[in-house]
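What follows is a pair of complexes built around chain A, which joins chain B in one and chain C in the other.
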Partner chain A sequence: MLAGLALAANGKQHRLTLKFNTGAFRSDEVFDSANCPPARYLIEMGRRLLEIAPDAKRLIIGNPLLPLSPDQVAGWIPPALAAPVVIVDSKQFPLAYCLPRWLVEEEERFLLLLSTCDAGLDVRLLGLIAGCEAGALAVPKLDIGEFPISTTTGWFMGRGRQEMLRQCSSAAIKTIQRNKAWRSLPFAAYLPYHAGSLLMLNLAARQVPDGFFAKEIICASYRDIVDSCPSPLEMVPLRLPWLPRDGSVGELEYLTHALERLGPEVRDQHFFGFLRYSRLYNQTPFHLIDQMKFALGHSMRQETDTVHGGQPFASARADLPAKPLKLLFHLAGGWKLKSYRADRAAAMFMVLRGMGCEISVIDRPDLVPYGARLVVSDDTALLTAEVRAHHIFIGVDSFPHHFVRHALGWPTVALFANTKPCNSDAAERSDYRAVVGVLPCNPCGAEKECPMLGGEDCGNFAPPDQVVTAILEMARAVYGFTEGA
Partner chain B sequence: MGALRDIDLGAIIASHGVRYLVEFGAGDGDDTAHAADFPFDHIYSIEPLHRLAIQGAFRHSANQKMTFIHGKGERGWRQAAPEIPAEQPVLFLLDGASFEADLAAILLHRDVWRDVFLVEDGDPILLDRVLGKTHRQSLPVAGLLQAFPVA
Partner chain C sequence: MTVRIMAFFDTAYPANWQALRQARPQSRRYPSLNWPSSLGTYDTAKPEQMAQVAGLAAAAGIDGFVVDLIFEGGTYRSGAETLAGLCRPGIFGLMFRWRNDLEKDWSPERAKALIAALAAHRPAFLDGRPVLIVEKPAALGNAEQTVALLRAEAAAAGLADFYLIASRAELPDGRRQGFDAGLDPDPADWGSCPPNNRPSGLDMLEIQAGLKDSVELTDKFYPYQLFIFSRMINRETRGKVFPRVFPAYFDWASHPDGGASVVINGHTDSGVDTYMFGLFVENAIAYADRNFPEGEQFVFLDSWNRWLDGSQIEPSMLDGDLVYQTVKDAIDKARFLLRSRGKSQVPPLDEELRARIKQICEAAYAAVKP
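Moving on, here comes the complex of A and B:
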């Protein structure tokens, strides 16, 4: 729940509560994105307050990290000042932000740089943005206590994330202090590692032409993805290997080195928006592309704004005779639990080959003995060439699936298991099917081992017969394929 | 690795005009750290083990003249190759265990007749078979085979 109120010149108050949207897109709901920094909600609340109170002079917006009500916020109204004020608890944790109207209307994007967890930084930042001394107002006898490291709902992912937000805010303060023309400097989205995230960011950015960001910080090794799926955001290459998935390096440590690696020229000429997850991305029903659109500045007010309610990014199909049906499988995801079991894949291949289908498989040499041709596709150009030589792509929840479906628009059968399809699938159509099991433990959030039964296999993949059925249905619908001779 | 300390890098740079160092199998960057004291325009360290690549990269993250790349042979080299001018000689530091595959990857993206090769624990006969027409080997130093351009 987000809370805010607008104050008109005559003292009239307009109070507003926004609940998190779970798919209904009601007028009193706000889009739920795990990919945005908390300050993005502050901006959204500002937009909505100005809608209901066009005559507002000041806005008081509760810290999006805290479960506050408008009545609480109303009890903290500071004296009428032109300057911004951060309302703080006894330990200087920001409780709410009192902002002059013009700051929200005219300098909205700079509010994205607020840490929302360090009042000292936020007062300095607001003062620099507003061009006057910002204030801090303590609420007597209120102490929110130790901020939780995490919550069961994944509401906010702890101290490490807070420190990362502080680093971005500190960097912004330095950038302002070092540049007279800082208001014209570009914002760069910090989302450097993981190919799938970059792909979804680039797709999202195409639909947010007037967003906060002009650039994106991306690991240099992903240049091929940017070439294959371009974005209006200019790439700022980060010359570091991407973050290992084995937990050996923390994201905070990585951010520290990333800022150092970017060097003073880049560091001092950009503002960095933290677009890595601030929360668990699978608590919301929305697609990651949609979560990123919100982070980039889109308000996401209706279903047609979303992947599932809108048009596909691309649509294409193979220019091949319907027979032999050529199938390209990608069955090894970035996590152990995303990989499809070899014995089940073997069963699928046996049936499909019996129907005369030709099977290719990416990066799974263990499946070659079952009649699959091994394909190596370690960049997007190679992957694209292989996809175009096949009728249908069948892939687990990993980069190739997202690229093939959203960037190439190719007929795709998606295999989900321990992740929620709605966060990373595509709209259901005759040329797109997502198949998943029915176990109630989805999404478990585990990566390496099943938390219920142990082992590296997820039991929630659809069984081979269901996958084969989905493939054949798509082949019939899209290519006119028939199983008979 | 770590054998680079026993090599007279200054003499190689002076004699062959190498401006770039490309190391395959960089480990956590010991050789790279040593080479950083020499006047290379850029040093590329290609390391297949992700953990080692990131350790090396963090160790040298402030040095803009060094780039650590995580990748096996050709995939790693593919990232570095376009950034190195064809006319600028390169010093390649290779590991004997994967030398043949790495050299094959290098030849896919570069004409190496000006370049210098150091190979740790390599097979001199194999090295001669691949580079014999354009390079001559000199005596190994500290376990490193050395192949210099003939021209």
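Moving on, here comes the complex of A and C:
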């Protein structure tokens, strides 16, 4: 929950509490996005306070990381000053921000750079943005202590994450100090090394034309994704390999290298917005595209703002005769538990081939003995060519599925297991179907081994007959296919 | 119409507050019973207090309560008269559970009285439909005859669209007996996974020697996660059986001499672990939406206020409103997904072809299985 307070010149107070939206879109709720820094919520609270108190002179906004009430915040009101003040605990952890109205109204994007975990940095940053000395006001008897890795309110913010936010704030301070014209410098979204996230970001950016960001920092090897799924955000290529999946390089270490690698000409000419996870992305019912939209600046106040409230980004069909039905499978997710079992896939292939279907499979040589043609899709151009040569794509929760559906608009049967479909699926249509079980352990968040039963397989994948049924239903509806005897 | 969420509601308050106050655990392994906070120790006969209760339930997205019909003093009583007056068609309504398990000497002559007691609450029926859950179908003797009799009495009483649910895990038999659907039995009636306490011979000797807590021998302790996992896996094969979701369950207060079922979810020093419970609710709603026909999509929440078995979701002294809020959030999430994703727009394959595909896939799987 978030707390804020608007103070009018006559001393009148307007208090506001916002809870994280879980799908009801109530007026006292704020959209839940994992892909933005905590300071994004501070901006949202500022917007809401100005709506309910248009005559406000100052706003006091609780640190979004803390479960505060407006009554608590009201107990910390600093003396009337025009300058911004950070209210801090006994160890300099920021508790709340007292901001002059104009700062929220006219310079809100710079608030995105606040660390929310280091009062020293935030006081300096606010002072530079406001052009005056910012202050700190201590609440001596309160000590927040070590902020935990995850909290009951859904924050995912261990020491490493906090340090990443500090680095982005520090970089912003240096950028301001080195540039007289800093107010006109662009913001770049830092989300370099996850193909799926990049895709979602680019799709989201198309729907947020007036957002905070003008650029995006992307691993140079992902240029093909940007080419295939362009975005209004200008790409700033990062010449570093992706973050290894084996954990040998931490995200903090990667950020340090990335800032170094970008060089002073990029570092000093941009502000960096941290768009990796700050919250648990799979605790919300919202699509990652919607979570990105909020991160980019959209307030996401109504259900119609969400990706499923509108039309699909793309829609296309194979220009092929209905028979033989050509099916392209992608059954290997990045994690063991996201991959469809070989024996079940084999059974599925045998049945489909018996019905006259032709099967191709991406990156699973173990399935070739069961009559599948092996396909390699190293980049999006190759993947696109293969998709266009098939009627239906059937894929697990991984980049190819998201790309095929959201960028190409191809008929798709999605196979989810230990991740929640709602974070990356599409609306049910004749050419899109998400197939998944209903085990209450979903989403477990595990990667290598099932936490319930052990082993490398997830029991929440739909069995072969349900997948075959979904494929045939779609083939009939979209292509007029009729199966053999 | 979306999936309806119905919560079991105990009308025996204030009497049961006294029972709750007096309940004392006989073992250190029993989780503590809880005590109400914001709603207080209400009286189910008082309209202003019941309005608060029903209002809080409706605010969480709960569509109504399930109240018990119990044979007492020659008639069936529900204790829901005050609550019934607060119900509003299409917004909040009641369903009923016939506690035939408490009625050892039931005879067909009572069918008319049972249906009359149900019919007395007609204005409060959820969506105008009379729904009766039979708590223990196995105790009916000739279930087919009893069901036919109840239906005949319901028709005679002018109860159109009478809907009869059997509290049982699998429906194929129940359908033959004339039930419309099934409902997962409560955890004491159906341990969906093996208990995790399996006393050895030595344990038994130590218990007999007075060296060990006897509950190891007399009671069943279940891990919550595995328990609910077992209830949801391969559920489609069980027929039209509505899910029953619960945050925890421990009925030691009604088993002072042992024999309790204890489904532990958290409860060490941090109260109920709401994470898995929330997912249980969300996934159960998704299941009901996907697998049951329009108008028959129900999820049963056990319970709103069964404080004596620890399953209550009402705000409490030990858990605050964490469990209540978990239910509210889970319902919000699930309904948002149902609204925003929409229904499949593809005509389904016919039943025969689906069955054939299932058969062929199973045969193919048997052929390739390592």
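One rule holds for everything that comes next: the second predicted complex is superposed on the first by the 477 of 485 C-alpha atoms of A that agree within 3 Å, B and C clash if a C-alpha of one lies under 4 Å from a C-alpha of the other, contacts with A are read in each partner's own complex, and residues count from 1 in each chain.
As a working rule, contacts are C-beta pairs under 8 Å (C-beta built on N, C-alpha and C of every residue); 3 or more make two chains touch, one makes a residue touch a chain.
Since the model is a prediction, treat every value here as computed from it, not as a measurement.
Partners chain B and chain C, once the complexes are superposed on chain A, both fit on it without clashing.
Of the two partner chains placed by superposition, A:15 touches none, neither chain B nor chain C. Contacts of A:260 after superposition on the shared chain: chain B is touched, whereas chain C is not.
In the superposition on chain A, A:438 makes contact with chain C only, while chain B stays out of contact range. Between chain B and chain C, it is C that contacts the larger number of residues in chain A. In the superposed pair of complexes, A:285 makes contact with chain C only, with no contact to chain B. Superposing both complexes on chain A places the Cα centres of chain B and chain C at an angle of 130° as seen from the Cα centre of chain A, in steps of 10.
Judged by the touch definition given at the top, the superposed model places A:159 against neither chain B nor chain C. Touch criterion met: A:23 reaches chain C, while chain B stays clear of it. In the superposition on chain A, A:477 contacts chain C only, with no contact to chain B. When the two complexes are overlaid on their common chain A, residue A:109 makes contact with neither chain B nor chain C. In the superposed model, A:468 makes contact with chain C only, not with chain B.
Closest approach of chain B to chain C, taken over C-alpha atoms in the A-based superposition, is 32 Å. Comparing the two complexes, no residue of chain A contacts chain B in one case and chain C in the other.
Those residues of chain B lying in contact with chain A across their complex are 50-51, 53-54, 57-58, 61-62, 64, 67-71, 75, 78-79.
In the complex of the two chains, the chain A residues touching chain C come out as 22-24, 284-285, 303, 306, 308-309, 343-344, 346-348, 350-351, 354, 370, 422, 425, 427-430, 433-434, 437-443, 452, 459, 463-465, 468-469, 472-474, 476-477.
Across the complex, chain C meets chain A through its residues 225-226, 228-229, 232-233, 235, 276, 279-280, 283-284, 286-287, 290, 328-330, 332-337, 339-349, 354, 357-358, 360-362, 364-365, 367-370. Those residues of chain A that touch chain B in the complex are listed here as 220-221, 223, 239-244, 246, 248-249, 253, 257, 260-261, 263, 378-379.
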